[in-house]
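A single structure is presented below for examination.
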Amino acid sequence: MKPILEIKELSKNFGGVTALSKVSFSIYEGEILGLIGPNGAGKTTLFNCVAGVDKPTSGRITFHARNGGEVSVGGKKPEHVTALGIARTFQNIRLFDALSVLDNVKIGRHCRTKSNFFGAVLRTGFQRREEREIEESSREVLAFTGLTDRYEEVASALPYGDQRRLEIARALATEPRLLMLDEPAAGMNPQESKDLMNLILRIRNKGVTVLLIEHDMKVVMGICERVVVINHGSWLAEAGPHEVAKDPKVIEAYLGSGAAVAS
Amino acid sequence: MFIELLLNGLTIGGIYALIAVGYTMVYGVIQLINFAHGEIYMLGAFFALTFLTALHLPFYAAFGLAMLLGALCGVLLDIIAYRPLRNSPRLAALITAIGMSIFLQNLAMIIWGSRPLPFPQNDLPAYFKQPALTVGGAPVSWLQLFIFIITILLMIGLYLIIHKTNTGKAMRAVAQNKTMAALVGVNVNRIITVTFALAGSLGAAAGILVGAYYNSVYPTMGYVAGVKAFAAAVLGGIGSVPGAMLGGVILGVAEAFGAGYISSLYRDGISYAVLIAVIVLIPAGLFGKLSRETKKSL
Amino acid sequence: MVETGRRKFDKSASLKLAALAVALVLPILPFTSEYLIHVCILIFLYMVLALGLNVVPGFNGLLDLGYVGFYGIGAYTAGLLTVNFGLSYWLIMPLAAINGAIWGVLLGAPTLRLTGDYFAIVTFGFSELVVLVITNEIWLTRGPLGLPGIEPVSIDFSWFGGPVWYLEGDTPGVYYLILAMVLLTLFVMTRVQNSRLGRAWFAIRDDELAAVSCGVNLLRYKVIAFAISAAFGALGGSFYARWVSVLSPTDFAFWESFLVLCMIVLGGLGNIWGVLIGATALVSLGEILRVVLPLVGLPMNVRFLFYGLIMVLTMRLRPAGLLPIPAVAERMRIVGARRKKPVAKVFNK
């Protein structure tokens, strides 16, 4: 298996607080990798470092591009990272509340399209073709994620589970090679979680690698092929989900927070 | 000429500091640029003027009373205009502040007319015009000395209130973290009102001093002075009281020297230039820390 | 892009057409006085300005307090080019707009990284500096003496052996000119709204972090917005110069910036049709007050007191404006609910 993202000795300090300390692991193409750990372990910080929202204090993050080249991603601006092919969702859903469902996804197409002011005003042939493509591909993505027939609704009016799916749809619209999901199952009921797991599997089957932060152990056990455990900003363990669940270090890290690993 | 410019700059700088402190305190507690603060400064001057000419009160009584009214105006401004919008988006509060500023300017025009009124020189203590001492060859009048002393006294008073009283401690708490302050039992709304009262009284004091010094009071005087004082507050680091004091003095001196040596036409421009330069180059100012709130956009 | 609020308005496309018909026919009607044409010209001018300003706070969510600076730059560009070089207005229009856009980029590029409050202050400082320069550089602009003698707009038919047709004063010719400019501006704004550019702006307005993660470069798009807004401000200014024929620095006070801001806030921030209504409402109100106030013994300038009061009341009672974009109004409500009761929020976690 080829790696798609390699994280080497990644560290991040915020003032006096060490959020990440020499974390190293790799993500392989086509896998669904789970990233777990107690609250405050540094998982979202790791996402932020990869996505360009935070600048790593030290360490390297290497992304393997489509053409085989390697790009160092740490410290790049978020819009650049998305253009390279890494998309992410947020722990507290960040949709464009005032816009329609369709428009939210269309903005996802931004990094793959080009028209500017003059194209918009003059409606050149190029711009019109591009708008058609944006419209069609956005509808396709929405259909893929199961959000048909709601295109014109305002995003904030959607039920919670659908908002999560919309955020994933928007991320998919950026044509990522690696999709990072931050607690997508949070607040979902068992049926919604099941639908989510199916969706993630379908995403993977389309060729997108998935990195998943999750607290819901049913989801982690259900779809992750491998799991990385982080605690207090450091790498703790890395193995298949069931091995990790039995790892005494991991159990100790979670002790008292009720993550008795039931299946 | 140098000493004269310096003394002039320090005088006007002290006055800017008094106004700037008002901006910075209000911004500290509710993260709002109180555009109408300049109008309280203007109203303070007009109140004193009215007390002196219409009611023939002695100067020090008029001064004190006008400061009290300034405090009251600040409180009313908060309760009537800003408090109802405490939970609205920041754009709404900013627009309200500008709206109140324009409203008050025009109200003053209606009440007192738009032409500049002279400060009644006969009602000021007679010795104000006379030189009190000479510094390096330049005369310092009693009025200037009075302005220096009052400014320093008021700032010391403010410092004592902020650092040596429980109310002051509560003010600092609210400025740092409203939620936590509320949780430890601080009545946040009352503290905000107290802040407005303090800011208003100092602003009014500044207005009276300027009216006496320049012998001219007019409804739009709050506009330019307000911008300059705001520039001073930003220079010192918005939210920092010592920063505003220092920023005011620096700006006053810079303005005096700029007008004296470079160009008196662009006297006001110096403040605008400082404002833009500080915001673009060192947004946190001299003493300030950019808080989370300031980092968010509208 | 279809903002869901606009669906209400597509049904009233007939309303818009009716309004357009009235506007086209108005100057020819028998009861139309010169004063009415004057007021309409003023309304149309402010419509252009308000539509231009709307790009920044309305589409991008950034407060701009210095719009009058670009208005002034456009006016003096047009005035000086006319007085010194006798250029035709048809050449000056694009030149003024480009000059405005250039200044928009110059001011915007270093300052649009700043947060909302600070950016607003910087724009304010800039516009004040513009006025100061106009006032003091007497060799260039004649400063407080004003710049008189600006020729009115003319259409030159003399090639075909026809007359030179001057559009000046409060005549139907000028009326149709500014109406055409309004329609042009509306055309540009509706097209941009429904495009990739417009969507990027709305994304920035709604959630900058999410926008960035979709690939939108914040600074570039904010500068584009600011430059376009400046271009339209300057465009309006160029018309103003050739209409009033005399420019004075006092025409470009901060109050004008605030007035245009009031128009877009009152009308419904971000909604271009609301902006048109806001412009009509406030200009009409101003004219009414101009007549009424002296009757009550008050100076005309005091009408700004009412503008201030209206803004305060609007923010209190209907902050999303008269024609709010429903989703924007909804978001204001959500933001308000989130900011209330911080204590409760902590406990409920």
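Order of writing sets the labels: A, B and C. Residues in every chain begin at 1.
Throughout what follows, a contact is a pair of C-beta atoms (placed from the backbone, for glycine too) under 8 Å apart; a residue touches a chain by one contact, two chains touch by 3 or more.
Predicted, not measured: the structure shown is a model, and the values here were computed from it.
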* Structure fact -> Per the touch definition, the chains contacting both chain A and chain C are none
* Give the identifier of the chain nearest to the protein's overall CA centre, each chain being represented by its own CA mean. => C
* Geometric centre distance via CA averages, chain C-chain A, whole Å -> 41
* When the C-alpha atoms of chain B and chain C are each averaged to a single point, how far apart are the two points in Å? -> 32
* Quick one: report the Å distance separating chain A from chain B, using the average Cα coordinate of each chain. => 50
* Check each residue of chain A and list the ones that touch at least two other chains. => none
* Asked: Where does chain B touch two or more other chains at once, residue-wise?
  -> none
* Structure fact -> Interface with chain C, chain A side, in the complex: residues 51, 53, 77-79, 82-83, 87-88, 90, 94-100, 103, 106-108, 110-113, 115-117, 119-121, 123, 127, 130-131, 134, 152-154, 156, 170-171, 173-174
* Structure fact -> In their shared complex, chain A is touched by residues of chain C numbered 1-4, 7, 187-188, 191-192, 194-200, 202-203, 205-207, 209-218, 224, 228, 325-328, 330-331, 334
* Can you check the complex and tell me which residues of chain C touch chain B? => 57, 61-63, 65, 110-111, 114-118, 120-122, 124-126, 128-129, 132, 136, 208, 254-255, 258, 261-262, 265, 269, 298-299, 301-302, 304-305, 307-312, 315-316, 319, 332, 335-337, 339-340, 342-343, 345-346
* **Touching residues on chain B, where the partner in the complex is chain C** => 31, 33, 81, 84-96, 98-103, 105-107, 109-110, 114, 178-179, 182-183, 223, 227, 230-231, 234, 265-266, 268-269, 272-273, 275-276, 279-280, 283, 294-298
